[in-house]
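What follows is a set of structures to go through.
Each of the two complexes below includes chain A, the first together with chain B, the second together with chain C.
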Partner chain A sequence: MKIALAGNPNSGKTTLFNAITGRQEYVGNWAGVTVEKKEGPLKPELNREKADVTVVDLPGAYSMSPFTSDESITRDFIRDEKPDVIINIVDSDNLSRSLFFTTQLLELGVPVVVALNKYDTAEKKQSSIHLDWLSERLQCPVIATIATKSAHNSGLKQLAAEAIRLGLSDYRQPAPHIAGTRHAATEADFEKADKKRYEFVSRIVADVEHRKVSSASQTAQDKADRIIASRWLGIPIFALVIWLVFSLSQAWAGPFLADILVGWLDAFQSWVAGLVSGVNPFLSSLLVDGIIGGVSAVVGFLPLIMILFFCLALLEDCGYMARVAVVMDRFFKRIGLSGKSVIPMVVSTGCAIPGIMASRTIKDTRQRRTTAMLSPFMPCGAKLPIIALFSGLFFGNQGWVGTSMYFLAIVIIVVSGLIVRRITGDASKESYFIMELPEYRWPSIKRAALSMLVRAKAFIIKAGTIILICNAVIQILQSFNWQLQLVGDAPETSILAAVASPFAWLFIPLGFGLWQFAAAAITGFIAKENVVGTLAVTFSVTRFISVDDLALVGGAGEVGAVFGIGAAAGLAYLVFNLFTPPCFAAIGAMRGEMESRKWFWGGIAFQLSMGYTLAFLVYQTGTLITTGAVGTGFVGGLTAVLVIAGVIGFFMKRGSKLSESMEEGVHFAG
Partner chain B sequence: MLANIIVIAVIALIIGFAVFRVVREKKKYKGNPACIGCPYNHSGEGCNRNCG
Partner chain C sequence: MMTLAQGTVNQTYVIRDVEAKDSMRDFLFTLGCYSGEKVTIISKLASNFIINVKDARYSIDEGLARVIMI
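Up next, the complex of A and B:
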């Protein structure tokens, strides 16, 4: 039996899906989080009949007439795959809007059970809904649910039992309202039918719902939004929030917890080193430094990442991140995007892959592709160890480093958006963004902890698989030369050094023209955490968190002695890794969402150019400020940057001409 | 000599297991490169995200 979960965006479908299947799919307190259908078996404790039940979570939709591609997934699934039952999740606090879609679902003939979700929110607002009357008017069961609570007192048991009962029967759902859109030929016919449907829904709502608080009156939430999402205060508040999050994760609690973890990892490494002290030096080094040391260097950042994800989950859950989309909308409008593009970028702070995929909710093809191209600029979870490493080594774990990387990412996205707009010749004056702001609520510690644990598990699995393999390969490549002889204390003669050195030459104007940094940047494309792992292996340093052991407490100068670079070059390397193309997995997602070779390869070239240019500017400016002279390789780097600027300028000029010719065409046609 | 063999076996076991996990994921997702390393492929039946 197949049960489909369908409903408006942000009605709580994925929360309900997770609650009845026991899965841990990503949930966000805003519209447009789910863009693909997800399947899972019903929990055994909710399945007393022991039926073979698969639950399918569908992306949110406002109607059966698709506006975005993720809405069409819902429509196609319900029409083509014919589920046995539909559980229609209705937001109790938005009854009139939600029932429009309900009446469309009821027309399909498939049994429908309405889950009146977020019932607690409606009750808090002193709204009451007469469930029996609503059930009678819709001609289907209506069950009040609170998907965020445990199964015992949330109505979920009753909901599952009712859905299974209907699914096992041959019941054909009657429709209380037939709009007659099936034979509608023109847009006017659809509009007429929709108007009738709204009238029908309004009559039902007037009968069954009693609201004490008028929607028109200003609530405390509205007052809060006037400050939090305000034109002038929105950005400073966002900056303060991000700074607090980064300070907590990377300056206050994070390093303290990480130091304890690194201590354990270090003890384990020393214990293994003692065990293998008598074996072949290469084998010992491969196991102790390559495998254990490399993985430990990455895993050591786990507490920092967990705290950051915990805080971000709290911010999402309380409804704040949806306000960020509104705050950013006015900037994005100016670059031909909309606030809708903000959501993929905020999602990208967790992982670029779902962030890129979230661009699917954007209807306009150019905006969608641009968003998929720019979203990876946001520092994702995998880049956090790199931020934490360089912030810790060169800037004493200052919270401003991570915060500034976030805001630098936003600035780069805005600038890049403008460039892409000019290149593509987009002449549209304005774009509009309508987003339903979720209610503020106390964030759930349990949900935030679950979100954090899911990401932590994924991080550990990644460290134990891909990163481990990469570190082992790096250790082997830096232990042998092309004649397959051990290089001993001369790793600069190794295969790894030979492969990475040509790239290192390109990085001289960026301040980190060492083969170790080049090798780390290359392995970073497999997974960004590899940058830290590879640096650990190539520099034989594993205790990145506690700098005491390395005698690096003296400041950036001593760090430079170990790494061979200064603070300006360290910051440039950080910028380079953050703003060049993401990992291969995210590149694959970009290719999928862009659906155009030209856009895809153009996007990769653009990201590479952006990363290189920024790193050059950071290193050369930083060196000029700190030493009074430009850094090494200035002329070569400047030439490369000017060539990049020239190529981008050429395409922008061509795009402008295209735009002008299109506008002339419109005038002529007009 | 015996110690060397044991260390080689341990290293082979660790790397072998890591490679096995990656290959298994790759097979599960029909060679979709976007799934390798994706933090969302933790769910047992595949993620249905069709990234690539």
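Up next, the complex of A and C:
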């Protein structure tokens, strides 16, 4: 049996899906988090009949009218895959809009069960809904649910039982009687019918719902919005929030926890080293230094990543992120994007892959492609170890390094957006923005902890598979030369050094022209965590995090000396790794969302150029300030950067000519 | 007739027309924002308006507020 979950955006479909299947899909308190349907079996304890039940979570939709909606996934799914039951999730606080979609679902002939979700919020606002009357008018069961609670009174058991009962029967859902809906054929017909549909809904709502407080009256939340999303305070508040998150993760709680973890990892490594002390030195070094050392260098940063994910989950849950989109809309409009593009970028702070996929909700093709191209510039969780390592090495673990990387990312996105706008010759003046504002709510510690654990698990699995293999390969490649002889104490003659050196040569003007850095940047494309792992293996320093002095990167001077680069080059390397193309998995997601070879390759080339140019500027300016002279390879690097600028300039000029010759297009961000 | 952008905060108006191009107009329709329906301006922020339509809060930009006629 197939049960489909359908409803308006942000009505809590995925939360309910997770609650009844026990899965841990990504949820956020804003519209449009789910962009693809997800399937899972119903939890056994909710499935007394032991029926074979699959639950399908569909992306949110406001309507199924053929002329008014692009959200056709729901329609296509119901037509093609014929679910046995539809659970229509309705936000209890928003009957008058949500039931519009309900009436459309009722016309499909498939049995519908209405889940009046977020029932606790409606109760808190002292509005009461007469469930029996509503059920009678819609001719389908109506069950009050609280998907965020797993307790017995959440209504989920009853909901599942009712859905299974209807699914097993051969009940055919009767359609509501709304004039003109059956024989509508033209767009005008549909519009007329849809107005009747809304009237039908309004009559029902007037009868079954009793609100003590009108939804149009000012609330404390509206007052809060006036400060949080205001013209002058919006950005400083956002900066403060991000700074707090980074300080907590990188300067306060993170290093403390990381120290404890690294203590265990070190003990484990020495224990293994003791066990294999008699065997072949290459093999023991492969195991101890390459595999265990490389992996634990990455895993040591796990507590920092977990704290970051925990904080992000809290922020996403409380409704703040939608306000960030409102604050940013003003700036994004100038670059031909809208506040809608902020959501993919916010999601990218966790991982760029769901971030890039979230751009799918943007209807305008150019805006969607640009968003997919720029979202990976936001530092994701996997880039956090790189930030932590370099901010620890050269800047004493300050929270501001991470925060400034965030804001640098925003600046880069804005500048890149402007460039892309010029290249594509976009001349649209009108770009509308509309976004539903979810209510603020207290974030759930439990949900945040769960979300953190899910991501931590994924990180550990990655460390034990991809990163482990990469580190082993790196260790092998740096142990042998082309004649397959062990290189011993001369890794610069190894295969790895030979492969990476040509790239290292390109990096000389960026201040880190060593083959080790080149190798780390390359393995970073497989997974960004590899950057730290590869550096650990190639430089043979596995102890980035010191156990002794409670500092994140202990003996920063020593490690810095091993790296053989200064602060300017270190910062340049950090910037290079953050603002080049993302890992291959995210690149794949980019190709999927862009749906254009030209955009895809253009995007990759642009990201590479951006990383190179920025790193060049950071290193050369930094060196000039600290030493009074420009750094190595200045002329060569400058030539490369000028060529990049020239090419981009050429395309921008061509683009603006293109836009002059084109008629002014109108684009929508809705 | 005036635009929603000219309206005052805390006032409820009846929508007379939505002069946006097709896809936006249709999208607003599905939200219940069409002629004859009520809209309340909750606040004016940075360059956005917070409005209440059919028991839901939306943030819309000034451009959109200018094509909603009240």
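The working rule: the second predicted complex is superposed on the first by the 631 of 670 C-alpha atoms of A that agree within 3 Å, B and C clash if a C-alpha of one lies under 4 Å from a C-alpha of the other, contacts with A are read in each partner's own complex, and residues count from 1 in each chain.
In this section, contacts are C-beta pairs under 8 Å (C-beta built on N, C-alpha and C of every residue); 3 or more make two chains touch, one makes a residue touch a chain.
The model shown is predicted, which means the values in this text are computed figures rather than measured ones.
Q: So in the superposed three-chain picture, is A:276 touching just chain B, just chain C, both, or none of them (first/second/both/neither)?
A: So A:276 only meets chain B here.
Q: State whether A:297 touches chain B only (first), chain C only (second), both chains, or neither.
A: Neither: A:297 stays clear of chain B and chain C.
Q: After superposition on the shared chain, which partner residues are touched by A:93: those of chain B (first), chain C (second), both, or neither?
A: second
Q: Once the shared chain is lined up, is A:38 touching chain B (first), chain C (second), both, or neither of them?
A: first
Q: Can A:457 be said to touch chain B (first), chain C (second), both, or neither?
A: Only chain B; A:457 stays clear of chain C.
Q: On the A-aligned overlay, A:129 touches which partner chain: chain B = first, chain C = second, or both, or neither?
A: A:129 contacts neither chain B nor chain C.
Q: In the superposed arrangement, what residues of chain A touch both chain B and chain C?
A: none
Q: So in the complex, which bits of chain B are touching chain A?
A: Chain B reaches chain A through residues 3-4, 7-8, 10-11, 14-15, 18-19, 21-22, 32-40, 42-43, 45, 47-52.
Q: Contact residues on chain A for chain C in the complex?
A: 62-63, 65, 67-70, 93-97, 100, 191, 194-195, 198, 215-216, 218, 222, 225-226, 229-231, 234, 322, 325-327, 329-330, 333, 338-339, 363, 430-437, 439, 666, 668, 670
Q: Okay, in this complex, where on chain A does chain B touch?
A: 23-26, 36-40, 276, 278-280, 283-284, 286-287, 291, 351, 353-354, 356-357, 381, 454-455, 457-459, 461-462, 464-466, 468-469, 472, 526-527, 583-586, 588-589, 591-592
Q: Taking the touch rule as given, give the residues of chain C at its contact with chain A in the complex, in rising order.
A: 10, 12, 20-21, 23-24, 26-32, 34, 36-38, 40, 42-43, 45-48, 50, 52-61, 63-64
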